[in-house]
Structures are given as C-alpha cells and as structure tokens.
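Below are two complexes that have chain A in common, paired first with chain B and then with chain C.
And then the complex of A and B:
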C-alpha cells in the first residue's frame, strides 16, 4: 500500500463518526487497502459493499441513468457509504448513525480524486 | 336449400304433429328467413312444448334476429327441461359472456364440456372465455397496482413497488427512451434489497432504512415500505436528493396503505 493511499484513507477516517474506510475491488469484493477501527470486519464490509454496488449497477444501467457513482446505505445503527473511484474500484466508509453524510461524501470524493 | 324448405313444408302440412318443424325451422334459419323460422318453431312448440331442442332452436333464431333477452328465456326453458342440454348451456354462456359475467359463462361451458367433451365449439368457446378472464384479471391487477401512486409526481415513469421476490406490484419505471423497464429492474432491486438486508445484519447495523444511489444521469432511492415489499424511486440528477427522499417517504406511506388494503 502506498503512503499516498494510506493518507487518503486516514483523512476520511478523521471525519467524526467514521469507523473505517476501505478501497475494495468491485469484481472480487477483496480489500485493496483499509484503515478501520477495531471491531470493523474489513473483509465482510468489502464483500458486501462490492455485491451491493454490482447489483445496483444493474439497476441503474437498466434504468438508463448510467453507472452508480455514490451509494448510501442508511441503517438503524450506522451506514455504509460507497464511492466508485475507478473502473472497478470503490471506496467504502463505515459510519456510525448520525454521521455527517455530506462531509464523508466530500472526503470520499477528494480521496477518490487522488486514488484515480 | 329451397327444395329442402319446400319438401319440409309439405311434410309438416301433411303431419302437423310431426317433428319436421325442427328441420324446417333450422333450414329457414340457415336461409336467413328468420321471421318464417320463428313462426314455424313457435307453432311447433304449441304442440311440442316439452321438447328441449325446439326451445334451443327457437333461442338460436331469436339470437340471430338480435333478440338476446328472448333468446335467454328460450334457452332457460330448454335447460329447465334438460338441465345438461349442450346447446342451451352454450347459448346461455354466450349471453353471460356478452354481459361480462365470465364466471357464469365458464360454469355453463364447463358443464357443457363435461356433457360432451369432444364438442369442438364448446372447447373453443371455453378457451376464448378463459383467455378473456385471464386478460381481465391481469388488467385489474395492473389497474389496482397503478393506483398505488395515483397523484404522485412521476408515478407514470419513476415509482415502482416490487415484491420481495422481484415481481412488480404497482407503479411504473421507464428509461430515458420511454421504454418500460419495470419488470427487469424489479428483479435487480429486489436482489439489491436482499443484499442490503444481509449487509446490515452481518455488519450489525440493524434494520436498513434506505439505499440511495447517485448515478451519472439520475438517482435511485430504495426502501422497504413493508417487510415484504421494496419501493424504488427514480429521478433525474437535477432533482435534489433531499426532495427524492421526501417523495420516497410519502410514496412508502401510500404503498403501506395499499399493501394493508390487499390483506
């Protein structure tokens, strides 16, 4: 993992309420790089996020609105925020409930621009 | 044909009590001489009022003459005399079908078929009525589903209610070229909803509330109005995500009301 990539991930984790950030391969659901707190199951997050992105890509493609750029799964006790950063990679943030989604999105977008 | 009519008329004149009036009435009907046919059959019925075939013939002449109500009475009399009279059953099924009473039409034709399983006209009529019943049922389902989001902005192209198995329950979804993509997307969205549920459970996030996707040319908002349905809202990119969320919440309420009403 390059220092630059680690720096990108660390910067996102500095947003209050973010418990971890991962760079994930969409096709295989494997972790490329991660910065997660203890208790966050990086492998499970990666696999599930990739699967979700793949499925929603079929829905958006067929709906005629193109490929997904940003996805937000909001749940009772937290959220998954996903940003497509390259052809087959996605940045995934695991967040607590009440996190400032706009800020996380912004940091993911900044980070995504650097990963590209 | 004219010879038949002449010889049957002569036969009936020789023996007014004979059943020749049935063949004569049929021949006159075939020759489209409906007034004469009615007179012959009515005269015959004065002597043979207990003959079910005569009432059936009378009914068929009346229906040819456009008198459905009288034909129905005649077939009912035939059926009273012979409860499994195939001609009368077919005739009454036809009238029921014309009135849109498909259940009665099906009942009559099924009875007729059980009486004569090889009658091609009964088989054909039964097939036609079943097709119409299926078409009508599909239309009713569609109409009921379309009403879920009546009055909602974009209800005709970007609001879809789907069962957990991916079947379209209501609403509509069209791509930018106005093609109906509801069925296809319904399957994908139901799969994504299941995946979201699995992810939320495995990552101990609790129940999920919404899945919002920003794509190049639009937004998708997915939620679960009930435990066994999935709601999809699609909007153009220019519509703010907050407004899409608001619309999704209102649509989810409408969907819940609709689902409850179906139970």
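And then the complex of A and C:
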C-alpha cells in the first residue's frame, strides 16, 4: 500500500511546476504520505489545507451544493490544488505559478482513483 | 473580553496567538508538578485545578512508562473522541520543563494543534525573561503563591 501510494504521489510531482504532493486526513490534518521538495513544510501544508477543506465543505454544504470535489487556490507565488479522494482524505498539490493546472488536476484525478 | 489568564505576563502573547491560530478551546500551561502558569478558556478555578492535577499525573505516568521502556521521554500524546480531542505535551522552556494541555473541538484538528504548538514553544522561548535565581520554597510561601496564582488566573 505504502509503495503504491508513493508511486501515485511521485507521478503527480513529475508534472513541471509541482513542488510537492501530499495525501492528508481531512479530520486530523495529518500527513498520510507525501512527496515534497525541500522548503515545503509538509506538516504545515497538511494541517492548513485540511482545515481549508473542512471550511469549504461547510460552505458548500450550507449552500446546498454538496461536498467540494476539487479546490484550486491561486496565490501570489503559486497555487494549491486539492482533490477529495475518499470521504475523509484529500490529495494536495503545491505548485509554482504558471503550472498547467489542467494537467495537475488530471494527475490528481488519476492518483485519486488509485487511492480509492 | 480575553479568556486568557496568565500568572506571568510574558506568557500572554504567545498563548493568545496559539489559541487564535489553532482554534483550541481550552489550554493550560503548567509545570510538571502541576503549578498552573497560564490558562485559556476555563471559567472555574476548580476545573483548572482538576485539569492541572490530571495533566501532571498523566505526564508523570507516561514519563515513568518511558523510563521502563528505556525511551528518553514521551513528548506528546493525544486522544480523540467524537466531539473533542486532547493534546498533552511536554516541552522545554528557558524557565525549565513545562507541560501544555490543549482541548480542541471539531473546528480544529490534531494537525493544526501540533503545528501551532511548535510555534508556541518557539514564541515562549523568545518571550521568556532571563532566569533569576529562586529562593527556597517554604510551605507558607507555597500556599500563599498558590492562592495568588489562582486569584490571578480568575481575576
């Protein structure tokens, strides 16, 4: 299982501009598996991304549109892409500015299908 | 109105920052012997005293377990129930070893608490005044200091 997870994450990191990928528990904000470059604080990204996903889920739930599937957060110096892969797990990619979001999303979806 | 109370002023800033970032509902900072230095969220002195005694007892038990297992020491333990989680950690400060007891709810997580706990430890290390030599503790002084601390925590 661990090797397969690592393979899934490594595949996403091969997309140009991806600085790291993590599989995170939404409830506890802890890292299940990660493949991140130096300088990416995996624990911090995991805890804060999980918190964000929880809050977004509350917002979408309250709006009556169900649970969030994919979140794309663009920031000054890059982007966070998050895909819900199981009910309580999320794949998080940390990317540089100008990354091909479509390609990262595709790889996250492929990876997510394998994690399921 | 702030729900944070401290016995020594240098603890206030780091504790308030920790609580606001981590979403902790209750927090205690205490010595391993159970003397409370700061608290957030408690409204009754008796709750603080009970929580401090329990935290101190748990830390002592796990410390003894660690010794039996020839571990250095257990740094942190966490329990999660349906509505609340409890995080208890031992850390080193310029004032010596301290314990932190954190209770968090569904709006936070163990990941967030751990993350901001690391910051709390660093902030406390930066904020602590230089240690001063302490006079020997006398029984009469101990009781007076304990009462003063509790009064400060529930002013």
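In this text, the second predicted complex is superposed on the first by the 115 of 116 C-alpha atoms of A that agree within 3 Å, B and C clash if a C-alpha of one lies under 4 Å from a C-alpha of the other, contacts with A are read in each partner's own complex, and residues count from 1 in each chain.
Going forward, contacts are C-beta pairs under 8 Å (C-beta built on N, C-alpha and C of every residue); 3 or more make two chains touch, one makes a residue touch a chain.
On a predicted model such as this, the values are computed, not experimentally measured, just so you know.
With the two structures aligned on chain A, chain B fits next to chain C without clashing. Looking at the shared chain after the overlay, A:6 reaches neither chain B nor chain C.
Of the two partner chains, both chain B and chain C are touched by A:48.
In the superposed model, A:79 makes contact with chain B only, not with chain C. By the document's definition of touching, of the two partners only chain C reaches A:30; chain B does not.
More chain A residues lie in contact with B than with the other chain of the pair chain B and chain C.
Chain B and chain C never share a C-alpha pair closer than 9 Å once the two structures are laid over each other. In the three-chain superposition model, chain A touches both chain B and chain C at residues 44, 48, 51. On chain A, the positions that touch chain C within their shared complex are 24-25, 27-30, 43-44, 46-48, 50-51, 54. Those residues of chain B that touch chain A in the shared complex are 173, 175-177, 179, 181, 184-185, 188-189, 191-192, 195-196, 198-200, 202-220, 232, 234, 237.
The part of chain C that touches chain A in the complex is made up of residues 80, 107-112, 114-115. Residue ranges on chain A touching chain B, taken from their complex, read 41, 44-45, 48-49, 51-52, 55-56, 58-60, 62-80, 94.
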